[in-house]
Every structure is written in structure tokens, then in C-alpha cells.
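Below you'll find a set of structures to go through.
Next come two complexes built around chain A: one with chain B, the other with chain C.
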Partner chain A sequence: MSLLQVEDLAVSAGDLQLVDGVTLDVRAGEVVALVGESGSGKSLTALSVIGLLADSLKVTGGSISFDGTAFHGASGRDMTDIRGKELAMIFQEPVSSLDPLMPIGAQVAESLIVHGTATPAQAAKMAVDMLRRVGIPDPERRAHQLPAELSGGMCQRVMIAAALISKPRLLIADEPTTALDVTIQAQILDLIRDLATQDGTAVLMITHDMGIVAEMADRVCVMYGGRVVEQGEVEDIFLRPRHPYTDMLLRTIPRLDHPPKQELFAIPGNVPSPSDWPTGCRFKTRCDRVTAQCNNRPVLGTGHHRTACFHPLTGESYDRFA
Partner chain B sequence: MTALLEFQDLKVHWPGKSGGFGKPKHVTRAVDGISLTIQQGQTVAVVGESGCGKSTTGNAALGMAPITEGKILFEGRDLGRMDKSERRALWQDMQVIFQDPVAALNPRMSIARSIAEPLVVNGWSKARIDPRVDELMALVGLNPDQRNRRPTALSGGQRQRVVIARALALSPRLVICDEPVSALDVSIQSQILNLLLRLQRELGLSYLFISHDLSVVRHIADRICVMYLGIIVEEGPASQVFATPRHPYTRALLSAIPSPDIRQRGRRDRILLTGDLPSPMSPPSGCPFASRCPNVLAECSAARPPLEAISEDRKLRCINPDGHLRG
Partner chain C sequence: MASATRYRSRYIAGQLLAWWPAILLGLMVLMAILAPLIAPLDPNRQDLLGRLKLPGYEGRGGTYWLGTDELGRDVLSRMIYGSRVSITVAVLSVLLSGIVGVTVGMLAGYLRGWPETILMRLVDIFLSIPAILLAIITVAVLGPSFFNVILVLALTRWPRYARVAYGQTMSIARRPFVTLARSMGCSVPRALLLHILPNIISPILVVATLEFGLMVLFEAGLSFLGLGVQPPTASWGAMLSTGRNYVTSAWWIATFPGLALFLLVLSANLIGDRVSDIIGKGR
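This part shows the complex of A and B:
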């Protein structure tokens, strides 16, 4: 059974619908990647799950349930009980996510104390251990420092430590390594992978980096224009993509074995902003398979490998990486 | 042949906070002795992680960071000895594209006005400016009807095109590109990289391409220079450095890039680095990578290894690249 189940989620800012019918689920021990470009609705979907949408945004439809209990509409109290304990989130921007006036050790320990999981003394010790696990050098000394005394990469690791310390059952990671250097990114990704495989943590990982998806995800959910356009097992998505957008996204990746200084494949046009989303299929303005039928809204369908397209690729395996 | 741009043992040291009463000041050695040349029509990429000094290197060429020691030469002319008017004249030949097109554009100026700015500063007449702006917009793939729009009305990719058009306004020969596609959506990155490649072919531009994204660099660079804590650890033709990286740091960097090839999942040997990056305020006397290096020897911490030629056009700064020697 799925730990997290999102059904037909809709999020709006006033009259503008930004997330339009997103359905996805994450099981224990599984890493699900939510892939999309800016404005695709991937971050709003995640923020809806953890109940941290900005005041100007509202969940206007659908349902979210965690471990079988629906919590859209649950009281604030319910959310506070599980947020930070069973459900934690790593944000993209470390500096703005940390309290500038609180030592980092205390910030990491905070959720344990708030939820009464540990005494302050125990929590402080656990925080130091967690800081060591995320690769903070000299954690006993660093725990007493303020965020401003640390580099951006270290602040990111502090935030990750704060999210992981209470061993959440669901971890939402929104571009968790975008601000980090590749060698540190590799360490953090390994840590997240271990959490899923060893501790059975369910991970919903938001990223635009197809390399990270290929290395981390068990399943993938591709979003475009506020909707899910394709969903499936990671091998199906990479080797047998069916939606033209997924296919094009894979073809744009500059690859290490591509002849250098040659033209790269580029998706034509621009990522439209929500106020310019076309009716019907939202990718139709950039798609090479478009017909009149695409003026209607395509349905995602059911099954292991789903796609919302009237003219999907046949799904024949062909090697983009050969 | 005189190189278009040449760094000769460049050092950029930033004076820091006082170490306390009677103590010497901390100095941050952002760039600590690099030599590098860029030929006409060539793309030289400087790669490395945050704090390695790659951006400072570009900034020093632009006059935005002090030259503490060493020289930067543009066609043999020493930038450090130029007076203000010579320096201004050099702006015609050397321009820059930064990472964030939002911060690089004045939100209150129309994009045509932004593109025209370098021309206005250089005293072009209005009659010449208008057609030049049209020409530049066409060159970078912007629609002329967008002339009067503000940057906020454009997408990220279009804004970066405006920044590129402005950089090209005075027909420079060298463009310093500091992470030019890092802030863009993946579907837009390849459009901008294709544009940069096409402009190089058509205009014979040279690029100093500063980036942390090695798959992008691999695609666009002729030569690659890997920096670590203010110094070059490996340099050579991009194809060779990618095919056979020699420095343990270059290898770790390449192995850390997540591969989009799903069939390789779990099969790659990733070199995970442990240990800390030393502070550029107190760099070690030996090899700066020694604290994280899997091939480290006792003598690595004693003295900084020299950057030595290992073939006709490759250089390496490592005494134990293959790990054959044991400490």
C-alpha cells in the first residue's frame, strides 16, 4: 500500500489554476522522482503535501492521504503532529530555510524536542551524530556555530540533517542538491538512497536533473504545465518514453559521449507561463506530433506506465545513449 | 602567434579581516598562481567547485578583481599597466555573460534599450543604434516585435538572449561566460548552448567558459582547465581530459556526475571524496587536494607539486596520479 497518495490534486492562485489534476503515490522504501521545468507545478505539488502552500495559494480540489488518512482538510494541529516527525522536507534554498540566530546544532535537534522524542541533552548528542553523517566536518564544534559561519553547501547539509534526524517515513526533497558541488551532491544522494533502502523511508524527490533521476528513482512522474504527462518505472521512462515531452527532455541532455561542439537537440519554443497555457494538451505548442485532436484534454490513463497524449510514441525501446 | 588572452602566474589575494590585535591579517588566496592562454576562436573552460577561484579568474580579466601578482595580457598588452581610457577601449574586445539574466538586466529598461546600452556609452548616434539593435536581436534569435518589452515579460531563455545580444553589441572578440546556462531550464539550456556555438562559428569568438557543469563543458570546450583551491591541477584538450582524466580530483569530479544512462545505474565506480576542503585563507603548503585524495603520499603535504607537461599539450599537477606509489 502507498504511504503517500495524491489524487487529482488541484492548486490555484485566485482564478489561475497552477496544479491541475495531479495523481501520484509513493510507497515505503521507494524513491519517486517528480520531474519538470519551472512552472510545471512540481514544487507546488510537494508544498501541498506538506501543507506549506503560501497564503495566496489554495488546494481547490482532490485529496492527499498519508498512511491511509486523508489530511487535506485536517486541522492545523494534525499537520503539526506529523510534520517534522513522520513527514519532512528538504528545500532548495538552504540559507533562507535556516534560522540565522540559532546555532545549527539546536536547529537540527529542534524537531526531536518539539515532538518529545528525546530530552534536550539526548537530542543535542543525536544532532552532532547526524551532522557527522551528512558530512559536516568537526561537528562538535560546528554545532555551536550560526548558519552565517558556514558555507552554502554546509548549510544545505545542516538542513538535510534537520529533516532526517527524526527518521521521517516520508521525505520530500525539492532540488536538494542543486546548490551543491557535484562531489558533495554525490555524498548527499548516497545518503538519501541509503535512507530509502535501509530505513524504508519513502522519498519524493523533485528535480530537473535527468542524471539524478536515472541514478536515484524507482519510479518517475513527469510534469508539464501543471499536469502529469507521463508516469512509470524508471526504466520505462528512460528507455521507452511515450510522451513526446519526456522523449524530447531526454534528447536535450548534453551527454559525455556526444561529439563535442555539435548542435544539441533543443525543444523548440519556451516554457509557457501559467497565464499562457494553451487549451487542450499544454505541450501542443512545442510538440512535433500535434493534430487537431490535441485541442482536447488528454487523459493520463491507468496502469504501470501511463501517458497523457493522443499520439504517444510507440514505446519501442531505442537507445538514446548508444 | 600572440594569444588573445593570457594569464601569467596570476594571483588574486583578498585582504581579509584582521586576525585580532597584533596578529597578521588573514588573506584569502582566491587565485594562487595560474597560467592559461586562450587563442582566437577557441573555447577554454575553467571548471571546479565553489571556491576554487574560477569566477575570480574571469573577474580579474574583467578588472573586477585585483591582480595581486602576475600578469593578464590581451594580445600581448598588459591589463595591469593600462590606463582608464585603454581599459575602456578594451571593453570593445572583451565582454561578459553572467549566470543570472534577471539580475543582469535593468527591469525598468526595455530590452532594446538594454541591448543599446554599450553603444550609447560608446557614443554611437541614434541613427546607427536602431539598426544595430535590430541586427543583434536577429542574431540571437529574438523577435523584433519584442523590442519594447521589459525583461519581466520574457522567459528565462529569452532574457539570456538579451544579455548575449548586449554582450555582442560592440563586436567583442572574447566573451567571458560565467555559468551562462546554469540558471536556465533544461529544455532551454541546449538552445542557449547551440546559440553560443553558432555565434562562435559565425563571428570567430573566443570564450572563457566558467562552469561547474562538466557535461555542458564537455560539449562546448576545446580546452579544459581544472582548478582546485586557487590553482590548476590539470589542463589539456577537453576530449583528452574527459577520456583519460589523470588527476585524482578530475577523476572524482567526473565520476560524481550523475549519469542519465539508466543502463549504467549501480554499475559505475564512483570515487567518493571524504575529508574537508581546506580554507583558502590558510591553504596547505603541499598539494591542496591532499586532505581528500585517495592516492595521497606523505610527500604530498610537504611541497606543492609542480604543474608539469605530461604530453605535448597536457599538464598535470600530481606526483602519484595512478596511485602506484604507496605512502
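This part shows the complex of A and C:
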């Protein structure tokens, strides 16, 4: 059974629908990547799951269940018990995501203290151990430092330590490496993967970087215009993409064997803003396979590898990463 | 070597110069605490034969360094005891109005929506009522006393803190670190107290130091109007009030408490300015 099951989730800001019909599931211990361009609704989906949408945003439809318990239209209050304990999240901006005036040791210990899992003294000790686990050198001393005394990469490690100290069953990572430089990115991704594997934590990784997806994910969920357009195992998505958007997204990745002096591929057009999303298939304005049928809304379908498209790419199982 | 010593002593002198308001305020607080030890005479002991005597008068009790008032009481001793009223009233009313105002402001700034509307409109209503009018009505209903003065001051001044706390909370509450804290299972009160309050406390402290001076003046004003601390308890405001009647014949009764009031308020305001400068630099 799935650990996290999101069914037909809709989020709106007033009359403006920002996410509609997101369906995805995360099974225990696996890494699922949620991919899409900016504004495709990835982060909103994640924040809905943890029940921390901004006040102006509301879950207007669908259901979210965690470990069999439904949080339909969760106001957030009923989730306080599992937040931090079974479900944790890390964010994009490591430096501004830490309380600037609280020593990092205390921030790491926070979830233990909030949930009463440990006494303050035990929690402080466990926080130091956790800081050591995420690779902070000299953790006893560092625990007393403030976030401003640490680098961005270190802050991201602290945030990971804070999220994973209670050994949650699901970690939501919202673009955890976007603000970091490339060498640190690799270290942080390795760290998340190692710790998640050791503790059996499932990860919902939100990213727009296909390289991260290929490296980390077991399964992939591609979003466009507030909807899930394709879902499948990582090999399916990369080797046998069926939705034209996924296909174009993969073709935008520059390759070393790309013929020199030839223009790189770009998806034509821009991502439409939520106020002027086309009716029917939302990708139809930029798609090369569009027909009259695309004015109807495509459904995601069923099965392991499913796509919301009337004219999916088929057959030619071309090996693009050979 | 010699120049280093000179540099250091110059540095210390500079610091003393810069912080003289704090030193003065500290001395006044010390004076209030140690009043029974340092007051030369009993502040309430009357000597009707030694009324309205000039500073330096040698009377039955001893030397009256700052003269005597209309009942022959020692002005210096009354001033020393009067500092207790001024400072405790100011401290307690700043604390009370600060706690109420910050709580209201933070709740309004964090919760938004209808609590924000109700609380902040309440703040507006309180700001629109003239402070003296509110004070007179409250005292008329509750009767004048030491604690009612504190209550009245808190009642009129809390909206100031609420405004500052409200604005600051709004800007901090949407910062990612609050969301992170909430994602770790932090309840709203815990997030407010542990994560938001420490991050908004500096501007509130500036307001509080400036308010301290104002509270001293307000207390004096209330006592001056007879709405504050009741006789025979010495209070600077009350001394000014009675001294006013004799200002042409016995200037010392009103002058010295007035001077003390002036110095206390001045030092409180200068400290407030310095604190806000330092915090401004830190940003």
C-alpha cells in the first residue's frame, strides 16, 4: 500500500485554480521525483501534503492520505501530530529557512522536543549526533552556532538533520539543491539518499533538474500547468517517454555528443500563466502533435506508466541515453 | 606603551560619555531601591514651624539640603522616595502594556483574516480615544491608587506596541524558517514565542525604552491632576502639583522634582535613541 496517496488534488487562490487534478503516490522507502517547470504546481502540491499552504491558498478538491489516514481538506491543525515526526520537509533556501537567532543544535532538536520524544538534554545530545551524521565537522561546537556562521551547504545539512532526526517515514524535499553550487549539490543529494536508505525513509523530491531525477528517483511524476501529465518508473520516463512534454523536456538536456555549432533544442513558447490556461490539454499551445481532440481534457489513465495525452508517443523504444 | 594606555583611558572616557544616560538611569534606579538607606530624613515627617524653608535650612530633624515644603517635610527625602513611585509605575506599566500589546499585535499579524480585522480595529479605537480622557474616566470608576495608575497607563499605551509587533510579525511570519519550524510540528503559539518573538524583539525594545520616559511623564501628569498616587505618598508629579502654588515664594519645592523628572525622561529617551541606532547598524 502507498505511504502517501494524493488523489485528484486541487488548490486555488480565490477563483484562480493553480493545481487541479494532481494524482500521485509514494510507497514506503522509495524516491519519487516531482518534475516540472516553475509555476507547474510542484511546490503547492508539496505544501498541501504537509498542510502548510499560505493563507490565501486553499485545497479545494481531491484527497490526501498518509499511511491510510485521510487528510481531506486538511486545515493543518490535524496534521500537527504527524508533522516533523512521520512527515518532514526541507526547503529551497537553506540559509533563510533556518531561524537566524536560534543555535542550530536547538533547531535540529526542535521536532524531538515538540513531539515530546526526548527530554531537552537527550534531544541536545541526539542533535549533536545527528549533526555528525550529516557531516558537520566538530558538531559539539557547531551546535551552539547561529545559521549566519555557517555556509549555505552547511545550512542545508543542518536542515536535513532537523528533518530526519525523528526518522520520518516520508521526506518532502522541495528543490533542496537549487540554491547551492554544483559540487555541493552532489554532496547534498548523496547525503539525502544515504540517510533515507539507512532509515527507510521515502522521499518526494521536487525538482526541475532532470539530472537529479535520473540520479535519485525510482519513479517520476511530470507536472505541467498544475496537472500531472505523465507518471512512471524512471527508466520508462527517460527511455520511453509518452507525453510530448516529457519528450521535449528530455530533448532540452544538452548532450556531450551533440553535434557542435547546432542550436540546442528549446520547447517553443512560454508556460502559460494560470489565468490563461487553455481548455482541454494545457500543453496544446506548445505541442507538435495537437489535434481537435486536444480541446477535451485528457485523463491520466491507469497502470504503472500512465500519461494524460490523446496522442502519446508510442512504439519506437529509442534508447536516448545509450 | 604609554600611548596605548592613553588610548585605552580615552576609549573608556568616550564610552562613559556616550553612555551617561544609562549611568544616570542606573543611579536613579539605585536611588529608588536604596531610598530608606540614603534618605536623610523621614519623607512624611511634618514640621509646621519649619515650613517653606530655603535649601540648607538647619531644622529639628537636621539639615534640610533642598529645603522644606508647605508642611515642613524634607524635599530631598521626598524626592528620593518619589523616585520609587515614578520608576516602579513606569517599569510596571511598560511591562504590562508591552505584554498586552505585543500579544495582540503578534496574533493579528500571524493569524490575519478576521482576528486581524477585529484586533487591529480595536487598536485603532484605542488610539482614537484621548489618553487623558480615558485616564480620568478609569480613575473616576476605579478610584485613584498606585495600581490603578499602572492599569490606566497600560490601557492607553498598549496599542503602540500592538502596531509595531503587528507589522514586524507580518514580515517575519511568511519567512521560510517559520514554515520550516511548522513543518517540524511546531504549534502556532510555540512558533510565535520561540521563533517569531526573538526576531521582532529589537524594535519593540526601542519602543519600550522610549515609552518608559513617557510613562514617567504620564504618571507625573496623573499625580499632578490628583488622579495618581494619593498623599501623603511622595511622587514627583504630586510634588510639582503642590509646589506650583508656592513657585513664587518657595521655588525649590517644584524645581527639584521637576529637574529629576527631566533628567529621568531625558536619559530614558537618549538610551532609546542609542538602542535604536545600534539595532539599525546591526541590520
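One rule holds in what follows: the second predicted complex is superposed on the first by the 308 of 322 C-alpha atoms of A that agree within 3 Å, B and C clash if a C-alpha of one lies under 4 Å from a C-alpha of the other, contacts with A are read in each partner's own complex, and residues count from 1 in each chain.
FYI, contacts are C-beta pairs under 8 Å (C-beta built on N, C-alpha and C of every residue); 3 or more make two chains touch, one makes a residue touch a chain.
Since we're looking at a predicted model, the values are computed, not measured.
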So, after the overlay on chain A, do chain B and chain C clash or fit? They fit
Margin query: Quick check on the superposed pair: does A:Glu140 touch chain B, chain C, both, or neither? Answer first, second, both or neither.
Written below: neither
Discussion item. Contacts for A:Leu239 in the overlay, against chain B (first) and chain C (second): which applies, first, second, both or neither?
Written reply: first
| said: Tell me the contact category for A:Leu52 with respect to chain B and chain C: first, second, both or neither. | reply: second
Between chain B and chain C, more residues of chain A are touched by B
Given the touch rule stated above, what does A:Asp129 touch, chain B (first), chain C (second), both, or neither? neither
In degrees, rounded to a multiple of 10, the angle chain B-chain A-chain C between CA centres equals 80
Quick one: classify A:Gly84 as touching chain B (first), chain C (second), both or neither.
second
| said: On the A-aligned overlay, A:Leu250 touches which partner chain: chain B = first, chain C = second, or both, or neither? | reply: first
- Task: Would you sort A:Asp194 into first (chain B), second (chain C), both or neither based on which partner it touches?
- Result: neither
After superposing the two complexes, the shortest C-alpha distance between chain B and chain C, in Å, is 10
Note: overlapping chain A surface for chain B and chain C spans none
Within their complex, chain A touches chain C through residues 50, 52, 54-55, 80-85, 88-93, 96-102, 110-111, 114-115, 159, 162-163
Residue set of chain C touching chain A in the complex reads 112-113, 174-177, 179-187, 190, 194-195, 198-199
Residue set of chain B touching chain A in the complex reads 43, 49-51, 155-158, 185-191, 193-194, 197-198, 212, 214-216, 218-222, 238-239, 242, 252-253, 256-263, 265, 270, 272-273, 275-276
Within their complex, chain A touches chain B through residues 37-38, 137, 151-153, 181-187, 189-190, 208-216, 234-235, 238-239, 248-250, 252-256, 258, 260-261, 263-267, 270-271, 273, 321
